[in-house]
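Starting off with a structure, shown below.
When the chains are written out, they are named A, B and C in that same order, and each has its own residue count from 1.
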Amino acid sequence: MSSAPALVASGISKSFRAVQALDDVSIELHRGRVTALLGDNGAGKSTMVKCISGLYQPDGGRIFIEGTEHRISSSRHARELGIETVHQTLSVIDPLDVAENLFLNREHTRGGWLGARIGLLDKRRMRKECADTLARLDIRIPSLRRSVGSLSGGQRQAVAIGRAVSWGQQIVLLDEPAAALGVEQTQRVLDLIINLRDQGVAVLLITHNMDRVLAVCDQAVVLYQGRKCAEVNVADVTKDDLVSYITGARTTD
Amino acid sequence: MNRKSISKQAPAGLPSPVGAWIDRYRHDGGLRQYVVYLAFALILATFSILLHDDGFLSSSNLLNIGRQAAPIAVMAVGMAFALAAGEIDLSVGSVVALSSLVAAELVGNYGFLAGALAALGASALVGMVNGLISVKVRIPSFLVTLGMLGIISGIARNWNDLQSLPIRNDRFSGIFGAGGLGPVSSLLIWIVIAGALGHIALHHLRWGRHVLSTGADRDAANAVGINTARVKISALIVSATAAGFAGILLAGRLSIGRHDLGEDYLLTVIAAVVIGGTNLFGGRASILGAVTGALIMAMLNNGLILMGLEVADQLIARGVIIILAVALSMREAKEA
Amino acid sequence: MQPRKKSRWLVLGALLAVFVLLAAACGNDDDDSGSDPTAAPATAAPTAAPEPPDEPAPEPEPTQDEAPAREAPVTQGPNGETASPSGEIVLTADELAQIQEGGYTAALLWHISGAFTDAVSQGARDAFAEMGIEVVVETEAGFDAAQQANDVETAMALSPDIILSLTIDPVSAAEGFRPAVDAGVQLVFLSTTPEGYTQGQEFVGVVTDDLAAMGIAAANLLGNALGGEGEIGYIFHDAPFYVTNQRDQAFKAWIEINFPGIEIVAEQGLADPAAAEDIASAMLTRNPGLDGIYAPWSAGPADGVLAALRAAGASDVAVVTMDLDTNVSLDLVEGGNIVGIAADEAYEIGRTMATEGAYGLLGKQTPPFVVVPAIEVTADNIVEAYRVSLAADPPQEVLDALGG
């Protein structure tokens, strides 16, 4: 937490036709810390995440990763820079099994040069590494060969998050990761987030649920109508404080 | 802050292969994946009993079934990829004809290999055009390929004024249909090759996994950085090329190129693929199922004819059996 | 993402160019392909293929130009040989007994199903039944040459002694029927034979309906109905189907030869039977003085023509067509636009083919080609015509109309 922040997004603006979705929003993510991004519906949270993850090109502002400025041109580029996003809609592929999902589009191949050219999958190695990754994150899945479509919502979300960090990504953006989950499964996902943090990953968590913020987050950035209206240490505030920032009743600026 | 609630459960391990198989069987649709093989065995058994002294089980007749299934089987393998990618290729029948004509035109002067390669190339080009228009102009593939069906059929009809183009090349005919290795027809060998290539491509190549991902959830596939446009184009190229190869097999077997070869194959191919467990709307595919589906179609044809049914009754019986088989595989799919 | 729009148009343009090139490279002048009799895949067009000795001439010989005759012309073979009437193909009592004891089997491998095929098939089945020959297989190939080759293979599993068939594509049929030829099966063909096959070697014989005579019959029906004077419209089947092509050609030729007072003022090809009504309407609009129309066959085209005439209130336009079908038969007996129907003796074709198959088993010489006559059907002979052509009574509606 002492060195340069893992990611700095500074003065980000983005508009769609006449609508100013983001106006001069800045945010910092630190290794080993969980930052909450809060705001009412339409406050610009998802737009912010998409600007960082390369899906949108911001109209203005700069993004620094490990102190170096980058213009993130695509989600692929973002991934190359160590940023992984778990979107609100689950981005797991139901018919593929757990290991295949974990390694989707980053598959290991075998058979040397030719194998790499034609993309001959090294399934054994992927399963092995998948098992290792899941074990490291304490994610429990009945069978790695089972199709993800047959897993529970929590398990699927765990796979999606597992994929985000399986390649040693240091910055993970989570957009409502527990939106559709039950109590126990939500707890699992929160455990997983803490686990990521403890392993030195910089996490950005978008959520509506204040209890979750208080449970796992170190810092919170609150957006109101496209502007940053508050940035606080979670330890210093109450649930009611957060709610009043979100509704625009108070600002810290 | 109460953040020390990490559960200490046993992490995922590698269960025994048998256990894994049973687990997968229970959770991945159970019987559904095997409906096609069950149907195949059932129909085979029924005909074997009903037609035991009508030559159905004679080795020459079983070879007939395999031979007759070959063009449909090869096309089914290609179509399975198009469907898996969430696309459909309605132009395959016309590509069969085009390919047979290209081969017939070139085999005489440039040899069998050049003829076959040019036919495959022309077919792949059609698939690429299908894919590019569908993806780049964002027109659903069933409309693009429907239009292409008309265009290619028209070109095929004009090619030789609706007349057959004879092929007088023993090597071409021998390799692609008329000949074989000993008693085994080359057509059977081509079914095995097409099925094996397709199965490996779907399950053991990165491309196959990306095709399935694209068809299952294009947004999710995009989100992990898969170039789904390219995947869809490639799937349509594969389906057209497979149809082109089926055209070569028909040209080899009949020693002609002709404008209406394969004209009526489309629905048979789709039925074979769907009976085989491939989802009509993407995301699930089975190559071995598609090949088995093609064998079922050929076996039905053969058995119903051998039963001595009149033509009208053959049509009715075939229709009923196809609906039953598709209903079974779809019903299981819904339960999964 | 920005260059996407530009590249999209580039791709489109390139595609268009590819297709223009392709079309230019392989397109033939299709102006004349529709009405050109050589467009038919059959070897039957005599002008294109003089060799096959087993085909009837679809058109009257040019020599008949000088002596146009009102009586039914005799169809001649391409080399001048006369067609043998189907009545000559009979078995003696001894031969019949010999066949009946043989325990033979037969396969019927048709090109496509339909009323015509059904009648042929029924004739063959009846004749086979009389000869004690069991029909073990019947197929229809949906006009797909590859399917027909499959059907031959499949049928061979039952080792039939006789195969009756109509070859879809003479070129590929040479390969397709090879398994049957190699096994020594007695092959009898309807109308067309596989390319390179010789009668008496690969196959027993060929029987055909007299397509030319049907065209002539239709021409006579219309010409006589108009009293030899008037303007007519000619709708022909614009697809490579030898049956309709030859009938259409013969109709047109015979009108021109035998009815100098009748002028064909409108000619239109028909590819889709459903378009017949539109075509007939357009013809009436352009030629208000039209006295008659030829429709290439009954179910579909003639129905469409009748609909167009009714819509235009043109009850005085005479129509002829081919093949018996309920709707046109009804119109004929009720005194509507239909003045006559040309029909073939499909049932007789089947009988004759079956008997020729027995000829093959007996080693008996078959005439080079055998034709089954055409029938000119009018309201007066329609009941008889149904029995002769389709071996059935007319549909009940037609009988009712006759009775009332």
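Throughout what follows, a residue touches a chain if its C-beta (ideal position, glycine included) is under 8 Å from a C-beta of that chain, and two chains touch if they have at least 3 such contacts.
Since the model is a prediction, treat every value here as computed from it, not as a measurement.
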item: Chain of greatest Cα-centre distance to chain A; value: C
item: Geometric centre: closest chain by C-alpha means; value: B
item: Distance between chain centroids, defined by C-alpha means - chain A, chain C (Å); value: 72
item: Distance between chain centroids, defined by C-alpha means - chain B, chain C (Å); value: 36
item: Euclidean distance of C-alpha centroids - chain A vs chain B, Å; value: 40
item: Contact set on chain B toward chain C in their complex; value: 54-56, 58, 60-61, 64, 67-68, 71, 125, 129, 132-133, 136-137, 151, 155, 158-164, 166, 178, 250, 253-256, 258, 260-264, 298, 301-302, 305-306, 308-312, 314
item: Parts of chain C lying in touch with chain B, wherever the complex brings them together; value: 7-8, 11-12, 15, 18-19, 22-23, 26-28, 30, 33, 38-39, 41, 110, 113, 135-140, 142-147, 149-151, 153-159, 169-172, 174-176, 240
item: For the chain A and chain B complex, residues of the former touching the latter; value: 74-76, 79, 85, 87, 89-96, 98, 100, 104-105, 107, 109, 118-121, 123, 127-128, 130-131, 134-135, 138-147, 149-150, 163, 187-188, 190-191, 194-195, 214-216, 234-235
item: Touching residues (chain side chain B, partner chain A) in the complex; value: 1-3, 5-15, 19-20, 23-24, 27-28, 204-207, 209-210, 212-213, 216-217, 219-226, 283-284
